[in-house]
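Each chain gets a letter, A, B, C and D, in the order it is written, and its residues are counted from 1.
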């Protein structure tokens, strides 16, 4: 089953949420990343997400599989935009259904954290002052 | 501003989420409680939520005000159903917008936990075996 | 003095009414609840409840006020 | 041996191309990256990158394979 997707166009949340509806689930947690008008103190005009699509797909599916193994959840989905995005646009969406809210919240947090940390997607920010930059954050410390 | 509401009818999430859209927010966390087909090992046929409406409204508003004070969020909303609900129906919805995801998740969790713990709403469960019961859970230990 | 009492959930089922007018001579709201608990056979002790007066949470050792609306709040189960 | 290299984000900007065919005689992928880093002036050291071969993450000490597609993955910033 395909639980992760890249979307080159704006996408609707309602049909994705609908895929997670289940009579066995009492809890649903979701997260959305929106394009913000500022970053690190600079005014942002817009951005572009680029991906290594083949590897992003497989790594995204792996993360959702890990979430289903690690947490007592019913199901989960994640969709990430690629291409040009304006301020306020939806960049990433995560949805998780579970019997109880502890697992729903924990898995939702896990999926967005791992997606941000592992999936080959890069953000190119354009600033109001005309500058532009690829974001290549320092990775978290690994033991 | 009214951030908490009781809803005697099924309600749409999209217009509530829309109230939270903001160019300053990079993160949005939401939680939904759905009516589950089982509880404590018993098959549930349906349920009814009853509230002490005046106090539920003021206590709900207080919780959302506390969330805005305690966490670095932009805004938040919560709607709770009352009346008769079928399996799978939306019972409660929480939405939070914030600059960053840490605060969005923490505030969303705070709001649903406090709502479950403090707002005068009671669940009456009907079981598949014909039984029915008011749920009056033991309160958490208070120091 | 006369006041109105509101009952919810299992308390309402036990009392058989959602509200009633009560002639109270208790020193505090805890005493009022104990009187009504005995009358209606409520299972829950006051320690499991909260009490509200005129739509705001109150203290068990507050004195009942004539004409007020007292609500006994059994453990909640929303969400 | 000949293989294809893919560049993304700041690496692509620095290389000026999204992919190129490379004649590699390096013992491992780390050596291949060092050669290409020198050629294109990449700012990022290998320690900041991951490497993938034919669409799957690989190890820096894997040997380059003829005809394979090697991708250097700069620190990601999705979400």
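The rule is short, and it goes like this: a contact is a pair of C-beta atoms (placed from the backbone, for glycine too) under 8 Å apart; a residue touches a chain by one contact, two chains touch by 3 or more.
Everything quoted here is computed from the prediction, not taken from an experiment.
**Student:** Leaving out subunit B but moving nothing else, do the remaining chains stay as one piece, and if not, how do they split?
**Tutor:** Once subunit B is set aside, the chains that still touch form these groups: A, D | C.
**Student:** Would you kindly tell me how far, in whole Å, the mean C-alpha position of subunit B lies from that of subunit A?
**Tutor:** About 24 Å separates the centre of subunit A from that of subunit B.
**Student:** For subunit B versus subunit D, what separation do you get between their C-alpha means, in angstrom?
**Tutor:** 49
**Student:** List, in ascending order, every residue of subunit B touching at least 2 other chains.
**Tutor:** Touching at least two other chains: 33, 112.
**Student:** Would you pick out the residues of subunit C that each touch at least 2 other chains?
**Tutor:** Residues of subunit C touching two or more partner chains: there are none.
**Student:** Sort out which chains touch which and give me every pair.
**Tutor:** Result of the pairwise touch check is A-B, A-D, B-C.
**Student:** Once bound in the complex, which stretches of subunit B touch subunit A?
**Tutor:** Interface residues on the subunit B side: 14, 21-38, 87-88, 97, 99, 101, 104-105, 108-109, 112.
**Student:** Under the definition above, what is the set of subunit C residues touching subunit B in their complex?
**Tutor:** That would be residues 6, 8-10, 13, 44, 48, 52, 55-57, 71, 73-79 of subunit C.
**Student:** Provide the residue numbers of subunit B that touch subunit C in the complex, in ascending order.
**Tutor:** Subunit B residues touching subunit C: 33, 49-52, 54-55, 58-59, 80, 91-92, 112, 115-124, 134-139.
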